[in-house]
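A, B, C, D, E and F label the chains in the order they appear, each numbered from 1.
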Amino acid sequence: MKTVALYAGSFDPITLGHLDIIERATKLFDSIIVTVAVNHRKEALFSGDERIHLIKESIKPYPWADNVSVEKFEGLLVDFAKKRNATALIRGARRVSDFEYEFQMALTNRRLAPNIDTVFLMPDEKYTFTSATIVREIAAWKGELESFVPKNVVAALRKKYAGK
Amino acid sequence: MKTVALYAGSFDPITLGHLDIIERATKLFDSIIVTVAVNHRKEALFSGDERIHLIKESIKPYPWADNVSVEKFEGLLVDFAKKRNATALIRGARRVSDFEYEFQMALTNRRLAPNIDTVFLMPDEKYTFTSATIVREIAAWKGELESFVPKNVVAALRKKYAGK
Amino acid sequence: MKTVALYAGSFDPITLGHLDIIERATKLFDSIIVTVAVNHRKEALFSGDERIHLIKESIKPYPWADNVSVEKFEGLLVDFAKKRNATALIRGARRVSDFEYEFQMALTNRRLAPNIDTVFLMPDEKYTFTSATIVREIAAWKGELESFVPKNVVAALRKKYAGK
Amino acid sequence: MKTVALYAGSFDPITLGHLDIIERATKLFDSIIVTVAVNHRKEALFSGDERIHLIKESIKPYPWADNVSVEKFEGLLVDFAKKRNATALIRGARRVSDFEYEFQMALTNRRLAPNIDTVFLMPDEKYTFTSATIVREIAAWKGELESFVPKNVVAALRKKYAGK
Amino acid sequence: MKTVALYAGSFDPITLGHLDIIERATKLFDSIIVTVAVNHRKEALFSGDERIHLIKESIKPYPWADNVSVEKFEGLLVDFAKKRNATALIRGARRVSDFEYEFQMALTNRRLAPNIDTVFLMPDEKYTFTSATIVREIAAWKGELESFVPKNVVAALRKKYAGK
Amino acid sequence: MKTVALYAGSFDPITLGHLDIIERATKLFDSIIVTVAVNHRKEALFSGDERIHLIKESIKPYPWADNVSVEKFEGLLVDFAKKRNATALIRGARRVSDFEYEFQMALTNRRLAPNIDTVFLMPDEKYTFTSATIVREIAAWKGELESFVPKNVVAALRKKYAGK
């Protein structure tokens, strides 16, 4: 049995919590596709291509990097998952309150694609409260970023907010 | 990569919701060990051996039955998981309120065995509210059981409560 | 359309929060049956008959008392509801955390009796945190009871714990 | 006792979950007013009149349709409820996380109109995770809609998103 | 030991629930700084200066007013807290669902400033469901405001919405 | 202003999470009374005196130990708090699901003693999922205990379960 799993999100930008989930997923599935959801109706800090670049840079140093690919997509996630023959959608289960929304999406996706299951993994507890939204807020006010995002992302955030 | 996953619980008795999780797990992992936790300090309706027998009977008709084994254990789950070279612990994610307890157990297990990860799967929504506790309560009052447990378990419950 | 609603609980003892729900229910339904669940396997502070007596005494002063009857039952609630031709089961929705258990019971009951619906009402917010369990604890330590239960119940609790 | 209940929402558009709640409400109350909240400050997919039309079309086939009327309103819900002599506000209790917001609205409404109570009903569990927001998202990406909304709404959504 | 605590929020406008928390905080800490977060990227009903004025007016009648100062700030809260030598950040713990967001902010702040702790206080239960958002909504539709905000704020809201 | 705070619990046994809360509390209050609730109706692993001894041993090495006393009590917590002139009850806010019970107790205590407020503090996130119940379970099965409880408690647990 060869298993392909999708890990989708907006990754604006990728955090240490996301990286932790990707590493855990590589131990359970043969191949992981990190899927950057771009939505032309929502404003983002980094463009889709910038986000893909930051993810690729972040995972490069790891031994499991070869089993991970990074792709951009816009549309219904299950349509993309079917095209890639994915058997699972990975979600990071950080907090209890995330779950009702996560359950809603997971059950909606299951109705649209009954053969693809959503799998919840837990990041290390030190990343429980890390979110890209808070990271952007801290960056905007020049706060300490090193314990929330990889080093290359710290640099990218510093540059993005340099003139503001 | 060959993956072994443990699905532990008290299964007193196995429900249609448990069966649904087992089936989903067989699509993601090469081998599933359904692990019946027996606790000599807690009273149970069915003995450990009866519970194992009911699970084996319930899964026998399914094409994926060959990838599933059923075992009894008492002690710390992670110790048993290490002995069986399991890479994952499967938990059914039925309800949001389950999660805080589940997170607590998952993080405790991770601290005791960092290489084994807990994976949450969602049963079909029609099993969201099925629990062994409620099943026993309905059985005690001779209520309808067919939409909650497999047929062999209906029979076993009827027999158990026949004289009461 | 004539509507009969059941309001079931253990009422060990009835609190001001329960009374508040009963009053609200009388404005929505033609007839309310307060249903005292007795369970010979669970220990209770007051006997089933004592609890019925305390409820009857508590509601007597109210103008809506004539539309409310009080009955004891043991078994599956939906079986009793069918016998009484009830169209609704009333539940007090006090706190968010109650809801998952309440949903589970409501959906189980619906599966057993599809024509009887569970209706959730909210007590006055000053009763949000009143529970019979806490009332018994306060009574055991001779604490102030007047803001939690009706006067006749204060007296009954004082008597119950007098010698202890 | 003749009871009038309001079931308010934005219904943008009506879903099968909404329909399920309306049907349940007709068994408990003599008359139901489905109340379409329009808010000129919020963008909607369908206009207030379109939403009313879709609701009327959706309920027409049902035997209980005669006890249900559909109205548009803008302002404070309790003011509208008083004008219509409503005794209850109906809310669908889909998920636990909805409840804190629902409780807040219900208690605020009670303070503004103490004689009108909020009543929570549960939709069939297969509609637990259906929301108008997700329906619009699926429609935008041409996904399957038939298991989420009535047929006339499927057609209206297809037309709305045809050129996009 | 002399203790300084910050109570930060947008206070758009201050409610009776906020006032209740401030009063409780004055009994636990020597000095309270009510900190009005202004965010030039978010639209507010009242300007930062108007909000400060309304808070100062609201607390003036109380005996503990001398231990409370009111300040405006923009940026990272912990930076402001360090400048003021605050030992604690006060948060009103109104509802369970607030907590996950609150925990996330509290843990993020702790990582940025390990010596400043977040302290949660509970308002009187009659303010559990009062929020500035709902207050603005009621004001917009000319509803009753007296049980939600201090008298001076009622007047300010009436004036603000007079011409709308 | 001199402040006395009570930190009550069963501490069966004290964990690193409890210690973390005690240390945080010493920075906010002049004097802390760790209050060991003994309940002769509930079975405990360690006796009241053993629990007090373990707490005293655990805090002795810390510079703030002089501001902390340890006492045993049975009864209503607010009665004990009044006798000790406490101004605050400290609670560790570990998890969202704890909160509804915590709120219930806090509001009940406030009604019984309006001048004593409950204050919630957060332990370090690495102790979020540590509980005395799980510690006892791990000890019973001879699991690793060092990352959950102080060293003296590890030894006491090992001894307690040595012959079992």
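A few notes on this one:
Here is the rule we go by: contacts are C-beta pairs under 8 Å (C-beta built on N, C-alpha and C of every residue); 3 or more make two chains touch, one makes a residue touch a chain.
Remember, it's a predicted structure, so these values are computed and weren't measured experimentally.
Note on connectivity: the fewest steps through touching chains from chain B to chain F is 1. Distances between chain centres, each the mean of the C-alpha atoms, put F farthest from chain D. Among the remaining chains, the Cα-based centre furthest from that of chain A is the centre of C.
Looking across B-D, C-E or A-D, the interface that copies B-F in more than half of its residue contact pairs is found at A-D. Chain B has its Cα centroid 30 Å from the Cα centroid of chain A. Per-chain CA centroids place chain A at a distance of 34 Å from chain E. One inter-chain figure worth recording: chain A and chain F are separated by 39 Å, centre to centre, where each centre is the mean of the chain's CA atoms.
Mean C-alpha positions place chain B and chain E at a centre distance of 48 Å. Multi-chain contact residues, meaning those touching two or more other chains, occur in chain B at positions 96-97, 100, 103, 107, 125, 128-129.
Which chains touch which is summed up as A-B, A-D, A-E, A-F, B-C, B-D, B-F, C-D, C-E, C-F, D-E, E-F. Taken together, the chain C residues at the contact with chain B in this complex read 75-76, 78-79, 97, 100-101, 103-105, 107-108, 111-112. Partner chain A is touched in their complex by these residues of chain D: 95-97, 128-129, 131, 134, 138, 141, 143-144, 147.
By the touch criterion stated above, chain A contacts chain F in their complex at residues 96-97, 125-126, 128-129. Here chain D touches chain C in the complex through residues 1, 3, 24, 27-30, 87-88, 93, 96, 99-100, 103, 106-107, 110, 115, 117-122, 125, going by the rule given at the top.
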